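Below are the structure tokens for one structure; questions will follow.
Should a chain be cited, it is by its letter among A, B, C and D, assigned in written order, with residues numbered from 1 in that chain.
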Amino acid sequence: MAIIMGPNQYGKAENRVVRIFRDEPRHEIRDLNVSTSLRGPFDDAHTIGDQSMLLPTDTQKHMTFVHAKTKPGDSIEEYGLDLARHFVHDIEPVEGARIEIEEFAWDRAVIDGVEHDHTWTRRGPEIRTAAITVDSTGEYVIGGIKDLVLLKSTGSEFHGFLKDDFTTLPETTDRIMATSLVAKWRFSTTDVAWQEVYAQVKAIVIREFATLQSLALQQTLYYIGRAILEEVPDLVEVRLSAPNKHHFDYDLAQFGIENDKEVFIAADRPYGLIQATVIRDDAPDAGMAWVPSAGLA
Amino acid sequence: MAIIMGPNQYGKAENRVVRIFRDEPRHEIRDLNVSTSLRGPFDDAHTIGDQSMLLPTDTQKHMTFVHAKTKPGDSIEEYGLDLARHFVHDIEPVEGARIEIEEFAWDRAVIDGVEHDHTWTRRGPEIRTAAITVDSTGEYVIGGIKDLVLLKSTGSEFHGFLKDDFTTLPETTDRIMATSLVAKWRFSTTDVAWQEVYAQVKAIVIREFATLQSLALQQTLYYIGRAILEEVPDLVEVRLSAPNKHHFDYDLAQFGIENDKEVFIAADRPYGLIQATVIRDDAPDAGMAWVPSAGLA
Amino acid sequence: MAIIMGPNQYGKAENRVVRIFRDEPRHEIRDLNVSTSLRGPFDDAHTIGDQSMLLPTDTQKHMTFVHAKTKPGDSIEEYGLDLARHFVHDIEPVEGARIEIEEFAWDRAVIDGVEHDHTWTRRGPEIRTAAITVDSTGEYVIGGIKDLVLLKSTGSEFHGFLKDDFTTLPETTDRIMATSLVAKWRFSTTDVAWQEVYAQVKAIVIREFATLQSLALQQTLYYIGRAILEEVPDLVEVRLSAPNKHHFDYDLAQFGIENDKEVFIAADRPYGLIQATVIRDDAPDAGMAWVPSAGLA
Amino acid sequence: MAIIMGPNQYGKAENRVVRIFRDEPRHEIRDLNVSTSLRGPFDDAHTIGDQSMLLPTDTQKHMTFVHAKTKPGDSIEEYGLDLARHFVHDIEPVEGARIEIEEFAWDRAVIDGVEHDHTWTRRGPEIRTAAITVDSTGEYVIGGIKDLVLLKSTGSEFHGFLKDDFTTLPETTDRIMATSLVAKWRFSTTDVAWQEVYAQVKAIVIREFATLQSLALQQTLYYIGRAILEEVPDLVEVRLSAPNKHHFDYDLAQFGIENDKEVFIAADRPYGLIQATVIRDDAPDAGMAWVPSAGLA
């Protein structure tokens, strides 16, 4: 029996890169949280402390800022691709690079009906995400959104479920459905109108959530995933994770007061957690696209 | 020397009240975090464990939901006033009540250009706040906003400051100014168009932040406070707390790359913290308006 | 009517100062989060943007690190006092300074039964706190602890409380009591064995929480406060804030299973919040001791 | 081309189960955060909203509490195994179950040198974890610890690393090394002295971190992983994720003050992130052991 190194990677996490475009009087802002990870022949760094193959994480940090100036691209996907390519193509021992990016949205301030040139307010809570992997097998791009909090006050049912001796949940044909959605979508190409796709996918998510008379959060997730794949040709796989943010009817009847789905208590924990993958049956191999980390599941 | 009870209070914090108005096909949502505190002759509860004067916090919780049904009002200020009055007027020993409320904003979903009847997305990060106090001396209402994240990419200076032997900060006539503003405003009356005032104050805050050529964050806060008091007759005092969310120029010159206020690193800690009060010189006494808690400063 | 400046202050918040004492092979660590605030004649900075009276927050930051080297003292109270005195005595326009400090505890690593010279593990969740104010009226020191999470599985009752039409809470003579305590204690002098007092107060808090057969969280707080004042002569006032972290009996009877206070669900929100002040009747005036911020209550 | 369901799962996340053992005057406490996930033939729930195969998450919640009473076991691994077996063996359509558990540690209160029977203080920040998977291929157990914050003030070097045109990091033979470690270890059997193994692994982690003269955080991780596998026969794989919590020397030389690794500023973001797997070359197949979620990487 021998003890050996398994998968490993290292990088600089959460570089808070803010890029202002100020060539015109009307400035633009891009506000990012960028994490880098490199993969390659780094066993000796672990086993005997030989760092000669390791580009410091400090250098990786510098590059996230250097590229924000020299290769900002038009989208986080483009910026991330360029950054990953740099590490893999320009740094000799590096075999694979993964770049994960969060983009924070800003709304331009409107003063007396006029958009302001250089002032914004942060918009949330939803955050746009991207995860780019470049290695010897190819280039993989995953777009995404997280913390998109959605709620519908009707149009959601839950009944006909499996019951055992410990099942007490009442069936319902009208309940609140609320979630804080995480969605990720895999591209089959890097020749994409990235900004348009993001806006399109986000609109589909909200539309399907709103318009489906939902029989379960599972069904809502499937309809979201299917619609995205049907309408966006560049995408081949969608992964969705949705906490069921419970809103319980508050018992006012005990006080002789009617509560016809008007007053709810929003619960924190526990919460349902529903996760689904929707995929084209001809999707190309995902390679390392979904692997965020070699170290820990 | 004797040991005695000083100020004390108790209540139920963070009741997550969600109210849906569904009398019409187009539903409305109000999403609140409500905290109650009662003040009164509660010394015996502390010193000898006699609870006969104590209305349980569980009952206070019930009331936040009961009122959401029976007395929702048109605004959090109105709802909070009714709740505070209930405790003080209807519960014999209670002498004072303080209600603190956070309201989370939701944007109605827009599907193919049409507003949806019963689906929303959460809007943030800013949160509307209110703090209502009712006691024997009167009724006090404080409106507010918090987590309003603002950034301007130019139009901010900082120079001419005091220097000692440990001052190394360079002077600047052009920097990013960013903050996550907390603002609270005290009303002189309870006869107020609450919703209109909130929208008006928020617009003033953004306008002043954007349009002042700022010599310091202190000046920006003062201009915000002054404009609010000048333009909103129902208000007599404004308190502002503003972290200076530093955005440092990233040093690209060390790599031979120009960085003319284009690439910044957003810092977490430490941060400047600027706090200011702007007040009318004829403001009525604030009483307990600003006292959130008897217990801990 | 005129609009004027009210109370204001500014400073550098959350300086993460880590001090290693390494003169001996056995190192010592002090791990702090230090916030400074200065008060004085700063109206012009606000009203006309004149910074000539303002020592930059960047300089305040430097001083938290400089003093960590030159005047670390033996405790956070001593370090904070020296820092506050520096700002008030050495910087001409400054009239008052407030230093707030959090200290994170570290346990020395023990390897095969032997304490290690230079390795530690972080201990939490409780955090030691101090708040020091120096101004023309004197010097004020408040010690404290926060996030001290305590639980007792019996020895807590709650009954005999006030009931109205909305009271449904059952009375109980045996329940779990749990809290995440914040306690602050005001000193009457600055000639104190700071480290000893902290250890002594913490022990009293835990002892009173454990040994009192509690009739309400209010009573527990009072007993804690009274015992501290009786046993620690340097202290004149104690403020306590205690969330009632509810642990609800889980209803297993619905499944025919007995649950005699063995299985609980720990709730997040809402929670009771109990706050109390215990004070000597001859306590000197608190001055600005409890004022954390001029700006916002 | 067709659109199909890929991997999916659902469950109840973050059940806050508190179990008191009170048969003896000296009570015991177990404080858990339990998440369940079920896998199986759930496609119809997604595609046509047919819930007949779905055991509600509400029922899963009940079971986490029922088992806390009826099958608590002696460790979280044992409790989690029984819970997973219940879902897979007793609920007809369920094919696989994953149970993830966090355990919060409590220290028994010591009053005047004597351990108290029913009072504790929470100990942190480190949290014990377990992840149990039961499916048709077998039973898999992963133990772990997270948020274990470690710091050594010397005995850490970093030099000899790869340099490109953007590398500015100075080499060092003496720096602070600090991390907030996440470690997970895979068992090859379910016949384990779970409590003893946890204590043993935690001691090894601290010992290796402390005693290795580290040439890089990578080397420290490898030494930790190797020592665990060498000393604990029941384990076959260790995964480690370690942020490099940077402590930068504060520049006091600019003020003429020496700072010989005594005063540091602890940085928040960005941070290095080092991840490594150490494994026996004869480790059995991991199956679904490391798959936390079907939905999202």
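Operating definition for what follows: contacts are C-beta pairs under 8 Å (C-beta built on N, C-alpha and C of every residue); 3 or more make two chains touch, one makes a residue touch a chain.
Quick caveat, the model's predicted, so the values are computed rather than measured.
A.B. asks: Spell out the chains that contact chain B while also contacting chain C.
C.D. replies: For chain B paired with chain C, the chains in contact with each are A, D, in label order.
A.B. asks: Name whichever of A-B and A-C has more C-beta pairs touching across its two chains.
C.D. replies: Answer by contact count: A-B.
A.B. asks: Roughly how many whole angstrom separate the Cα centroids of chain A and chain C?
C.D. replies: Chain centroid spacing, chain A to chain C, equals 38 Å.
A.B. asks: Take the average of all CA coordinates in chain A, do the same for chain D, and state the distance between these two points in whole angstrom.
C.D. replies: 23
A.B. asks: Could you put a whole-Å number on the gap between the CA centroids of chain A and chain B?
C.D. replies: That pair's centroid distance is 30 Å.
A.B. asks: Multi-chain contacts only, two chains or more: what residues does chain C have there?
C.D. replies: 15-16, 62, 66, 166, 168, 255, 268-269
A.B. asks: Chain B touches which residues of chain A in the complex?
C.D. replies: 15-22, 27, 29, 31, 62, 65-66, 68-70, 106, 109, 111-112, 116, 118-126, 148-155, 176, 206-207, 209-211, 247, 250, 252, 255, 257, 259-268
A.B. asks: Mind listing the chain C positions that touch chain B in their complex?
C.D. replies: 1-16, 35, 37, 42, 45-59, 61-63, 66, 90-91, 93, 131, 142, 158-164, 166-169, 182, 184, 214-216, 218-219, 221-222, 225-226, 229-230, 237, 239-241, 243-244, 269-282, 289-297
A.B. asks: Across the complex, what residues on chain C touch chain A?
C.D. replies: The touching residues are 165-166, 168, 254-255, 268-269.
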